[in-house]
Amino acid sequence: MQFSIGSELAYTVGERTTFILNIAPLRLGRQRILAERLTVPEGQTSEEKVAHDTTNRYLRLVAEPGDIVIRYEARVALEPDYHDPDTIPEVPVAELPLEVMGYLNPSRYCLSDELARFAQRQFGPLTPGFSRVTEICNWIHSEVDYVAGASDTMTTAADTFALRAGVCRDYAHLGITFCRALGIPARFVSAYAWQLEPQDFHAVFEAWLGDRWYLFDATRMAALDGLVRIGCGRDAADTAFCNIFGVARSTAMQVWCNAIDADAAEPWTTEAVSIASN
Amino acid sequence: MQFSIGSELAYTVGERTTFILNIAPLRLGRQRILAERLTVPEGQTSEEKVAHDTTNRYLRLVAEPGDIVIRYEARVALEPDYHDPDTIPEVPVAELPLEVMGYLNPSRYCLSDELARFAQRQFGPLTPGFSRVTEICNWIHSEVDYVAGASDTMTTAADTFALRAGVCRDYAHLGITFCRALGIPARFVSAYAWQLEPQDFHAVFEAWLGDRWYLFDATRMAALDGLVRIGCGRDAADTAFCNIFGVARSTAMQVWCNAIDADAAEPWTTEAVSIASN
Amino acid sequence: MQFSIGSELAYTVGERTTFILNIAPLRLGRQRILAERLTVPEGQTSEEKVAHDTTNRYLRLVAEPGDIVIRYEARVALEPDYHDPDTIPEVPVAELPLEVMGYLNPSRYCLSDELARFAQRQFGPLTPGFSRVTEICNWIHSEVDYVAGASDTMTTAADTFALRAGVCRDYAHLGITFCRALGIPARFVSAYAWQLEPQDFHAVFEAWLGDRWYLFDATRMAALDGLVRIGCGRDAADTAFCNIFGVARSTAMQVWCNAIDADAAEPWTTEAVSIASN
Amino acid sequence: MQFSIGSELAYTVGERTTFILNIAPLRLGRQRILAERLTVPEGQTSEEKVAHDTTNRYLRLVAEPGDIVIRYEARVALEPDYHDPDTIPEVPVAELPLEVMGYLNPSRYCLSDELARFAQRQFGPLTPGFSRVTEICNWIHSEVDYVAGASDTMTTAADTFALRAGVCRDYAHLGITFCRALGIPARFVSAYAWQLEPQDFHAVFEAWLGDRWYLFDATRMAALDGLVRIGCGRDAADTAFCNIFGVARSTAMQVWCNAIDADAAEPWTTEAVSIASN
């Protein structure tokens, strides 16, 4: 499936400011960038770099005072792996690849230590495997209310667990937290999301099951095979679409993700979806 | 029923120190002190005062450096009211006495604002009345593990809700929190508790239902009509058995509560128990 | 000095809702209500009650669905006590009246236990007395930025201490917290405040020094003898101008406090100001 | 300088349990392992792996029920770089290598977002460079009390900032937090530490200055050039000496670090010490 995706971000810069942007999708075998165009303010210094570990693509931009607009647009082809959920096992910690074990640790927003007992009580007795992570998502969807404005940039998964309200990022943090507490490596994924209403950068998560990362979205707000992955990391602290070092204020933002060759009326897949094997 | 209760507290005092102790039971119509004896270190200044609002009995003791022992013992007769739980209604906020409304506010350990949405989701649909508070206790008993050492003096009900482990004080805080979030006034009660194992100061809570305060104990560790009430307040911050202003270290502590005329083998009451009408 | 004060609150009520309002000033010897008028929606049930302990005046209003406006206006004469700050001592816990000792306990927003070590390190070495509380206010004024929107209804004094930003309510919570950590009883006071810009309900605090409560305002946004006291309590949890039990949304709010016989250009008092002896 | 280091860890294993140990020092150009011996329980499966990004050395051990002892000992030669602190600059975010930028993000224990305003207020006005990080360490050493038992595994830098008490791990978290809040990448380092009293695994931190990582220790409990580095990561969540997946209880632990060719009486270096360039 092909998507036309992009974002346009406008800022008023008060003094010389460095932006670290993560808005261009990852280049992966199953997520190919067919065409892309980045428009940055004329005369400003910018450079693109790819992270060694995550292969996240970062744009560093040093902007002088004034109004600036950053625009990225691309055509992306997704060819995810589809697998039968019933065949996908959890991997005992004794056999996990070392590379994914860092994703078992608690992180800024994913306090898997604090919520460990609950996770063990609630999800520990369930049959291990893909279906257990699905049950985690079902629990979150059922027990947490999606409420715009219910959380802020300091809200942890433990806060969301108590408050029982949040947005996509909080849903992802809670899913990651429960997985880690059960010994399942899990990480945060930012994405352009087809059919998401209203359009915005979306947040979902991946759990390491079998021999790869599988996508999960406890919000059920977008199809898993309509997600164009931008970045991944421990949690939202690693995966901001924009970090600002200096003085700048966001003045406008637009995000889009349109299917070029698909029909929105099609039912969403119920298969396990993976786009990344590492 | 009559009880022989008491406590003995030993401290090493490093410099002139003021102790505020709350170890003598309340004097109430249904809780009569038949005999009592307080032993404080010789030559130390001490005075007893009764609080206007709660009628808690406080002992203020100013101790000079050295080792001290404070001992309180009493014989207490309890004649609680027993009522049929099915007949006891919740009182709409529109009709609550003003005197009990302060017990609807969140307090140091009872973050009823933070857990409001959960309380509404979980207990909101239940039939109002005594049975709803029983359901709250059942939930706590089922979902929280009693683990000595799982909490400390800073642990709030929101922490306990996340950690799913605590001791009697945490159980009481959680019960109070859920009640307040539902519009039911609730307060913390410290007590000598018959049959409690191991013996210690116990913590339970009261909810205002119908026209009085009813006792609840989510730990199920002691019979409700075997509780000799010491103090009540917003939460444990108001109801410490000992507050120390100065430099002193606890060296030993003993607490006891023995029934004089009762048989421990009797089954516990399943009726609603009240010892305080205000 | 005389003030014309008042507030007008508008709500859209979604279902039968109980409001508990605390907008009428306290009646005190040194704060006399010369005239007042309360306007509540016609045909709605309302009653006024005075709390036994604080003498706060509460209005309970049960409103049916629809738009309602509550308006209170009064003329108030203030005759505060003025004392020489240098003559006002702290009172050792050994000599405090029992009635004020509850204001030593930590409360919902005033985590005096958590910030105890800092308070002792920072303010412990200072000379006890009125001037020490002044130093606490100076520290808050110097180290915390007044930033509208920096806090919300869950923000504790420990949060404000870390974030170093807040509004009047946070300033008061921090002042109360430091006082309690030093053994000085302190409580929260809501007020109409002359010269406050922009006009709103103001929050300050009182500390028990010598033989009475003295007013302090770490924000320095209003004169201490231009404060018309509305309510006092442990912290903001006890002193909301409006608690809503039901479904209602605030649609407009206006607050005013005008001096009838005073000149705004006069310099503010530097004396110790007290309006309440208990 | 050469050190004889090691640790011996004993556990009682209750059921089949996976241990992930990080007790062997890093292999670096300036930290050479001259000899080492790892003793694991006979007949148990174990494997050693080196992390791609940090080069931390992990030992994975799957242990059957029973008592086990894991012992590691080594002879290590340290040849740190010594530089003149006055010549070492901070690096603007605009010029930082991408590889170190992840160490600007807040993490589980290092809430650099929450403490950002304080860090900017307190350290922002200081001259950038190595000396600014030294000032951060001086502030921590002066304002925080070293108190064994003051913190636990959930204690964040924001908690330590409020409580003003902690141990080496808390000191490191606070230093990292302030650095990140100022735009200086910083990371957590676990180490064997010469002259540390009492002997234990030590925790310090590194800040990226100039073109490499420099060591800092706000506890001042060990010489910077007597630290044998074990692991590094975002914070303690990434750098535990032992993570346990299963049921096991620590029964004994011994840690040692002896200088083979040095004189403990020598004064500690005041130069900038670096052992890692990436």
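A, B, C and D label the chains in the order they appear, each numbered from 1.
Assume a contact is a pair of C-beta atoms (placed from the backbone, for glycine too) under 8 Å apart; a residue touches a chain by one contact, two chains touch by 3 or more.
As the structure is a computational prediction, the values presented were derived from the model and not from experiment.
Trainee: For chain A and chain B, what's the span in angstrom between their mean Cα positions?
Mentor: Roughly 47 Å separates the two chain centres.
Trainee: Could you grab the centroid distance between chain B and chain D? Build each centroid from C-alpha atoms only and quote it in angstrom.
Mentor: Computed value for the inter-centroid distance: 45 Å.
Trainee: Rounded to a whole Å, what is the gap between the Cα centroids of chain A and chain D?
Mentor: Here the centre of chain D sits 30 Å away from the centre of chain A.
Trainee: List, in ascending order, every residue of chain D touching at least 2 other chains.
Mentor: Within chain D, the residues that touch at least two other chains are 114.
Trainee: Specify the contact topology among the chains shown, as one of line, ring, star, complete or other.
Mentor: Here the contact pattern is a ring, one closed loop where every chain has two partners.
Trainee: Can you identify all of the chain pairs that touch?
Mentor: Taking the chains two at a time, the touching pairs are A-B, A-D, B-C, C-D.
Trainee: For a test of understanding, state which residues of chain A touch chain B in their complex under the given definition.
Mentor: Residues of chain A touching chain B: 114-115, 117-118, 121, 143, 145, 158, 161-165.
Trainee: Mind pulling up the chain D residues that touch chain A in the complex?
Mentor: Within the complex, chain D touches chain A at residues 18, 20, 45, 49, 51-53, 58, 60, 62, 92-94, 98-99, 101-102, 104-108, 111, 113-114, 153-154, 183, 233-234, 237-238, 243, 245.
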